[in-house]
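Common to both upcoming complexes is chain A, partnered first by chain B, then by chain C.
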Partner chain A sequence: MKITFPHMGTSWIAIKTLVEGMGHEVVLPPPPTKRTLDLGTKYSPEFACLPFKVLLGTYLEALELGADTIISSGGVGPCRAGYYTQLQGRILREQLGYDVRVITFEPPRGHLIETYRIIRDLVKVSFPKFLACAWLAWQKLLALDALERESHRVRPLELEKGATSRILSQGIAAIEKADSVREIKNITATFLEKFKQIPKDSEYQPLKVGVIGEIYVVLEPFVNLDVVETLGHMGVYVDRSIFLTNWVTENTFLDTFRVEAERNAKKAARPYLPELVGGHGQTSIGETVLYAKRGFDGVVQLAPFTCIPEIVAKSIMPRVSKELDIPVLTLMLDEQTGKAGIATRLEAFVDLLRMRRNRLAIARGETA
Partner chain B sequence: MNAYLGVDVGSVSTNFVLIDEHDQVLADLYIRTQGQPIQAIQTGLRMLEKEIHPSLTIMGVGATGSARQLTGVILGADVVKNEITAHAVAAMHCIPDVQTVVEIGGQDSKMIIIRDGIVVDFAMNTVCSAGTGSFLDHQADRLGIPIEEFGALALESKQPVRIAGRCSVFAESDMIHKQQMGHSTPDIIAGLCEALVRNYLNNVGQGKPIVPPIAFQGGVAANLGIRHAFEKELGVPVIVPEHFAVMGALGIALLAKENNAQGKKTSFRGFSASELEFSTRSFECNGCPNHCEIVEIKQDKAVLARWGDRCHKWQDITNTEAAS
Partner chain C sequence: MAIRIGIPRALAYYSFYPQWKTFFEELGAEVVLSPLTNKHIVNEGIRNTVTDACIPIKVYHGHVASLADKVDYIFVPRIVGLDHDATLCPKFLGLPDMIKSSVKGIPLLLTPRFDVRDGRFAPVKAWMKVAKMLGAGYHQALRAYRKSIKVKQYYEDLLTSRMLPEEAMSLLDKWAASLKDEQKKLSDMKSSIASARASSAQTLESQNGNIRLAVVGYPYMIYDEFVNCGLLDTLKRLGTTILTPEMVPAKARQAQAKKQPKYLFWYYSNQVIRAVYYFFQENMVDGVIHLTAFACGPDAMVDKLLELDCQKHGRIPYLSLCLDEHTGRAGIITRLEAFTDMLVRKRGGKR
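Now for the complex of A and B:
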């Protein structure tokens, strides 16, 4: 089988390792570009959300490169994304005539046997060999998240604009090529050290902003118009609420075995939104509560235009924002590729946060 | 005498404000951008130079508006800031205890919530430009009424008709229906003003607490019909500041003054910038499938700035890879 899968930030590096470890050829689609968006928009229902369109465009680009099987994930709760793979499969097969198989991984909870069957059918090598590859892929994921996290901390402090992003992309490229756990650990250590060596303004106290919202638009810089990097260049420390490693842990192990301990965000959301509204709606509220409690200066909510779970969260947000005294900026993302509108809003939001922090410092008797 | 210049280049108008060291407005200027921001800036500079006293020294320059990046390069601005902050600064300057700012310009509209002299919340129209200046311009034109008289006509209405305000396409077709049914023009215009105010409060306001004093600024604040519709809907008077049409420019002039007050030297190119030869060109980068549209600003042969690339490689102006 020639397998392809969607792009979501840097996750392709780990997924590629995993799929190759199962004994298949991987057809890596190009990262999403305007062409992806053009293709996706052309063949998608008009009312579908941005993730649907970008994913369909990505599949089309992968099929052009010879892929015959698509692996993707299903959705949780009442969110349209739950049936997206079925619909995309039908568009590709019935409307466009591709002979393509679409395999959907649902969250294992409630689908344990089905998940086991899919994996059993997919794995063409000995099981111990597959486990070793899965472990390698997991280590890559951990390493990628570690470097990205550190880049968020370093970027607002850098003296030469762009230095952090440059080292981060070198680190990502190195992890991609690594083929042993030891090598990955060495690379991680080397690049964490390189981040340390970047000349920094150590006096500067960056504003702290949490980025929350729907997973795809949070993780894929092409669709969020590089929000995380843009904020970093404005001198803001960004904490992204979603990293793939935590998300995988929560949705595969914790949910399957009903471990409640780590589900802080859902618990924190309860006073405002006790229901699962699909997608990431409930966690968006919960994460905002947690950021407020951790003393963050503000929160940026990212949502695909027309995303129901995030719209529900958005309409509850004013109360959360008021009661916990944390400013929230919601950005609805759609097909626009011009960054000016987003930059204007982010800049004004950062101005607001800065004035607010100075005011709070004066109120506490400190000099701003 | 020392002065500070603020320039706001928006989609529809290009505005200039010159203030002195006591924040008094020495001169202001409102001209149409007409899709040619560089020309508009240069025309404005020439007009301003004629108006002011020759002994005046420009100590600082600020640029704002959707063309702020370009303006900053052309003028040599000391401060380049977004128009939301600039409008808030100007509103607080004119009305120190202001709590709500309603700003409606050519293509966008904003609401800024201020408490105790700081911005605590803001919103900007995202998906819809119904009710902004361009739409009103278009409707005035369609009815054959000069835009300056358009709003005043609304005040003559006795019975405003109901117009759908959610979308400018719906609004226009609704207006045509009502006009063909025989309703009077003042009633239709008054209905349109009410619809647009409703749309603004829903779409931009989204339940934000609108507390007086309310400043109403931006080009559309000149429209008496919209002003009246706001007061009717909100039940409180709205204050239209003296320099309502150029508040963004005033705000950025104040910020430029704050920035350069401690004797920082300005990087202003001088009024002679109006005679310099600036050219822009755009080209598509073929470095990756993004095909970014890069804009390049040149003065004579020297590249001043480039933008539009996602990967930032063209922003380094020494990059000579550019296909000529």
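Now for the complex of A and C:
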């Protein structure tokens, strides 16, 4: 089988390791580009959300490269993402005539046996060997998250613009090539050290902004038009609420054993939105509350256009913003969104946050 | 003076109003229904919601705003699950919270949470809680609940005998007002439903030459004449026979569930798909019209599925109409005329 899978941030590095570890050939789709999006948009329903379109485009590009099997994640709703593979499979087979197999990993909770069967069918090597590979993939995820987290901290302080991003991409490339856990640990240590050596402005107090919203648009820089990096270059410390590793733990382990994940965020959301509305709607509200309590200067909410859970969250956001006095900027992203437009809005937002911080400092009797 | 309870004429109203009304009236409350959707209500709704919301949600906000200074409570239920297959659209799930954050100056909200997946008696408990809030006793509340369920059954019977919601509701009102004797009322209702059913079967028979159209979509899109620019009237004028998902008995819809490889996550979406499968199975329709709202999340899936299914099922002609607050009557009429003309021609007939 020639297996392909969708892109989400740097997750491909881990998934590639995993699938190769199962003994299959991987057709790595090219990272999403304008062409991917155009292809996806052409065959997707008009009001499907941006992730649906990018994913469909990615599959089409991978099929061009000779893939014959797609693996992706499922879900139980009420967010639409859980139904993607169903519909995308039908579009690819019935409308476009591809002979393609789509394998959906449902959340293990309630589908344990099914998940086991899929894995049993997929794994072509001995089970211990597969487990070793899975462990390696997991270590890669941890390393990627560690580097990315550090880059968010360092970027606003760098003296030479772009230095952090350069080292980050070198680090990612090195992790991709690594094939033992020890090597990964070494790489992580080396690059964390390199981050330390970037010349920094140590006096500078960056604004602190939390980035929240729907997981795919938060994690995939192509669709969020590099919001995190753009903010970093404006001298803003960005705290992203979602990282790959917590997504994996929530969706596989915790959920299976009914441990309530994101408990803090959900608890914090309760006064405003007591109901689970699917996707990351409730967490978005909760995270905003938590960022306000942690003294952040502002929050940027990212969501694909027509994303139902995030629209519910957006409707409630003004009340949260007002009652907890935390500025929120909501960016709805679709295939029409342009990078310059996003940059302008972020600049304006950051300007306002700066003024607000100075005003608050003066009010406290400090000099700005 | 009796407590006045406002019910917005939008969203789940079309499925449940007779039940809600009966329940509140049995508790001695006065039910105030918001007016038919109009320009003013739509504008109020747009003013009170985020731009990304769909037209039904905007309209709902408008209806709530129009009730604001007329009532003591507004009934904004949080309907989470109506069957074990799915929840409702996330916007139904977060509805009370959206209303609270968005509409200014509203009275107290009654927001019971209905989820049958919480257990068989969960809906009863939710209703009892509402009754308690309104100061009614346990037995009175239980009686009201029983009666409301009965009325709901009559209402659904009327709908499945191919009556439109407004007709069915006014018939139920007429019965409630004209007859005092419970037993007589019951038998009268039963015979009326039977006769309505017989006559509708007859009409379908006698109008066999007509183009038969499935008009599918969510009840709040199909039956809100202002939002859909009088779609059903236009279709009637064009001499077509109309079938909607609500006209298919619930059991018959449920029987189609096995044809779905994976259930959709939204109650109303499943009903739409299953109704269409039923129409296909019974060979009841010549064409399918899907009514959807601009940027409707679930419908992005449903619309494509229907398109593929119509294609699969002997290439049944399919028209998807997308509505928002800017939809113009003339545009809708033109498209409906073109569609029916095409169906007539396909059959080899003349207008």
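Throughout what follows, the second predicted complex is superposed on the first by the 363 of 368 C-alpha atoms of A that agree within 3 Å, B and C clash if a C-alpha of one lies under 4 Å from a C-alpha of the other, contacts with A are read in each partner's own complex, and residues count from 1 in each chain.
As a working rule, a contact is a pair of C-beta atoms (placed from the backbone, for glycine too) under 8 Å apart; a residue touches a chain by one contact, two chains touch by 3 or more.
In this text, all values refer to a predicted model and were calculated from it rather than measured experimentally.
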Touching partner for A:Met332 - first (chain B), second (chain C), both, neither: both
Partner chain(s) touched by A:Ile3 [first = chain B, second = chain C, both, neither]: neither
Chain A: partner with more touched residues, chain B or chain C: C
First, second, both or neither for A:Pro318, with chain B first and chain C second: both
First, second, both or neither for A:Thr344, with chain B first and chain C second: first
Contacts of A:Met355 with chain B and chain C, given as first, second, both or neither: first
First (chain B), second (chain C), both or neither touched by A:Leu276: second
A:Phe305 touches, of chain B and chain C: first, second, both or neither? both
Partner chain(s) touched by A:Ile215 [first = chain B, second = chain C, both, neither]: neither
First, second, both or neither for A:Leu92, with chain B first and chain C second: neither
Intersection of the chain A residues that touch chain B with those that touch chain C: 305, 318, 332
Of chain A, residues touching chain B in the complex: 30, 33-36, 162, 226, 305, 318, 327, 332, 334, 340-341, 343-345, 347-349, 351-352, 355-356, 359
Chain A-facing residues of chain B, complex: 66, 81-85, 116, 118-122, 124, 126-127, 207-208, 288-291, 310, 312
Touching residues on chain C, where the partner in the complex is chain A: 49-50, 52-53, 78, 80, 86-91, 93-94, 97-98, 100-102, 113, 261-262, 264-266, 294-301, 303-305, 308, 311-312, 322
Residues on chain A engaged by chain C in the complex (per definition of touch): 45-49, 52, 76-80, 82-83, 86-87, 90-91, 94-95, 272-279, 281, 305-309, 311-312, 314-319, 332
